[in-house]
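Heads up, the next two complexes both have chain A, just with different partners, chain B and then chain C.
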Partner chain A sequence: MGLSLFTPLSWNDAGFILTGIWNTVIISLVAILVGTLLGLIVGFIRSASNQLVNALLGSILDVLRSVPLIIQLILFSTYVGAIGHPLPPFAAGSIILSLYAMAFMSEVFRGGFNSVPPSMPLAARALGMNAWQTIIYIRLPIGLRTVFPSWLGVALSVIKDSALVSVIGYMELLRTSEQLISRTQQPLEILIGVGIFYFLISYPLSLYGKHIERKMAL
Partner chain B sequence: MDYEFHWSIVWRHMPEMLQGAFVTLHVSVLSMLIGILIATPLAIAKLNHNKFFSPIATVWVEIARNTPGLFQIYMAYFGLGALGIHLSPYVAVLCALAFVNTGYLTETFRGGFQSIPKTQYSAAKSLGMSRFQSYRHIILPQMFRRIYHPMTNQFIWAILMSSLGILVGMNELSGETQRLQSLSFRTLEFFIVAAVMYFIITKLVLLSTALIARKLFKGEI
Partner chain C sequence: MIQIKNVHKSFDDLAVLKGINLTVNKGEALSIIGGSGSGKSTLLYCINAIESIQQGQILVDDIDVHASHTNQDKLRQKLGMVFQQWNAFPHLTVLENAALAPRIVKKMRKEEAIEIAKKELIHVGLGDKLDMYPTKMSGGQQQRLAIARALAMRPDYMLFDEITSALDPELVGEVLDTLRMLRDDGITMICVTHEIAFAREVSDTVAYFHQGVIEEIGPPEQVISNPQKQTTQHFLRKVL
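== the complex of A and B ==
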């Protein structure tokens, strides 16, 4: 009997795969949440401020969008290591993924805020609302309603891009599957399983986005 | 900060970095061309509800749009390898990129075709043009003008996605950077230069596509 180096996939691996799934879900949620909050703030600032501030913020966001995510992740995790404060992969990954989400979401929200007719906040002020009330009751609800499908699109791409955090050592779904592949040598079965998982998350959400878009168009 | 930057080693390896940047551009352009070639008939099939090709187009589009790019590259490199189809890293990344581009472009083209008024088709027909002629001379030129901007975005996106070649050992900009930094351990320096190069590449591409658009459409965009 020859020595077997590779052991096939078994039910014992379920826990390992579930950890990967959980890690993918959690880092995506963190990045979408933080990215949305920061994106709201930056988007609002960009829609409300003068050209100079706008150009400055815009160029920073432009860098975040024009440099591949994988390079940003490697750079950031090496940088924090080099200055003597290494971060665990989850922290470094969430920070970069959140900033990446912020860069795209701020643009979406900015478009939404700009779509609010200027007469509306003015009318609210005339009714005696203060600046905060105008933001909370007028600008936010009216501005955000139209951009929901675009926001959902960015959120979906963040879920998919979370796979890249594996390069700095975060054990998300794709990296767990990679390790299973190197042990079992069954790449096709495992990869198809991983693909189905991403598809099952992403497809219903994208259908929902399309549905909302169609409803709003009417 | 205790870290000392040593830039000279990066300058010494600049020719290799530039070579990598060239491969990045090369693979992205090729993947776009393949994408356009396959997406055009797929979009037409989808609009005409072709019994055979329309379902293929739908499945293609949904898989391309709803799975991560990294998964697609792994599929092309490791997945096809399991079936006995061993692709080189370059070809694997090219296949994955072309697959995704086709998926997104099919939807873009479909939207473009739908934005052309039905009267244009009838007018072409009444002038005695065949189906092929009306697409070639009337529909496609108008369509490409309308979807030029989304296509540029797709191109930029393909350039950025090609950086995933680093994970299958391809020799494009990221992969080359990875190889060079592993020889010298000057990780920060090499990747900072790579980031700057990606930024410059995307800006140059945007600039040149804008210039091409001006030439092609003569200000009608």
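== the complex of A and C ==
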């Protein structure tokens, strides 16, 4: 056996892999959190506003939903670099992934808000609640009750899509494992491990979503 | 006292109220009867500032409802309203439904709000349903919840908009009984209703609405039992 450039996978790589996992978790959480907050606001505005505002917002959201995420990531990080304000991969990735999440979540929330019969906020106003209290105590909770399963579906796909942020150099789990693969030449073991990780996160969550859905159907 | 002075209201170019004059004193019960589209609901919505008016004035305890300086959220605390659709908040239990507004609108302590809510719920006969979700209850029970929820705000006046019209016939009685009880408590109320017999029984005054004007108004013995106007006679023949 000659001198090899490759060194097999070992326990010394654990820290490296954990960093990758951590980075995947953290960017997914940021995108889900920011996407949910913005999605709530945009979804509410869309359910409450006239056709013109709706069409305008709708077309922006259509672009975000239709252009593949990988293209948005590359375009954005190249663009901010070209105008002289390059962003670190985490920042650029968080921004695009959050907007992408927002585009899908706002539709989910809009559907929820639209499902609140107008007589509910009317009854709340008649009880003396002001416009804000009506939103916080009536429209939000009633509108959000039914959309949890769909929201969870979007959140799960954000976790999986976060792997694409690797293309702009973010060291999340996939990119970490690519580097390990090129060093160890053990793609099978590594990719199976990564797959199992995504499965372990997603599957219990989707089971939980189905459980909630069944409970609400009763 | 609620004073309605020459009120005009239109939706775009559809004139719905064409000069309404009415006074309801503390402790009185006014019933409003009339055909579909005659403007009965619209008048109630104008009284509690859900709808604006184009002309005239509505005074609730001398507060000008539609004046720009009037705090309408605050004003609505004086006016309880119950609708044809019962509108129980589905995400809250019966008790929470009734305690929410006292707590967040009147800023009561939680225990105090719950105590008042409980009292009103027991009063309308829902004392054994406090922890239930309203969607599991009958329409009549949900409507009684809506009444208790409004009463828990301790309003000075109650506005009822055909609150038995959406109920199955066998559930109408329990809700009317609740109204009779409120009447005995001396609560001031305006009832828009199709229950003519009920209106005759509980009202001090009955107003017959026809195409946006009050065609006839007076004690029930007159308006219902012995109507003077032909339009009133015609309407009553149809509904009785």
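The working rule: the second predicted complex is superposed on the first by the 217 of 218 C-alpha atoms of A that agree within 3 Å, B and C clash if a C-alpha of one lies under 4 Å from a C-alpha of the other, contacts with A are read in each partner's own complex, and residues count from 1 in each chain.
One rule holds for everything that comes next: a contact is a pair of C-beta atoms (placed from the backbone, for glycine too) under 8 Å apart; a residue touches a chain by one contact, two chains touch by 3 or more.
This structure is a prediction, so every number in the text was calculated from the model and none was measured.
When both complexes are superposed on chain A, chain B and chain C sit side by side without a clash. The vertex angle at chain A, taken between the C-alpha centres of chain B and chain C once both structures are aligned on chain A, is 110 degrees to the nearest 10. Once chain A of one complex is fitted onto chain A of the other, the partner contacts of A:125 are limited to chain C, with no touch recorded for chain B.
In the superposition on chain A, no contact is made by A:7 with either chain B or chain C.
In the superposed pair of complexes, A:83 makes contact with chain B only, with no contact to chain C. In the superposition on chain A, A:142 contacts chain C only, with no contact to chain B. Greater residue coverage of chain A by touch, when chain B is weighed against chain C, goes to B.
With both structures placed on the common chain, the touch criterion links A:114 to neither chain B nor chain C.
When the two complexes are overlaid on their common chain A, residue A:133 makes contact with chain C while staying clear of chain B.
This overlay, made by fitting chain A, leaves chain B and chain C with a least C-alpha separation of 27 Å.
On chain A, the positions that touch chain C within their shared complex are 117, 119-120, 122-130, 133, 137-138, 141-142, 145. Looking at the complex, you find that chain C touches chain A at residues 48, 50, 73-74, 76-77, 79-81, 83, 85, 87, 89-91, 100-101, 104-106, 146, 149-150, 153.
Those residues of chain A lying in contact with chain B across their complex are 63, 66-72, 74-75, 78-79, 82-84, 156, 160-161, 163-164, 166-167, 174, 178, 181, 186-188, 191-192, 194-195, 198-199, 202-203, 206.
Contacts from chain B toward chain A in the complex involve residues 1-3, 62-63, 65-71, 74-75, 78-79, 81-83, 156, 160-161, 163-164, 166-167, 174, 187-188, 191-192, 194-195, 198-199, 202-203.
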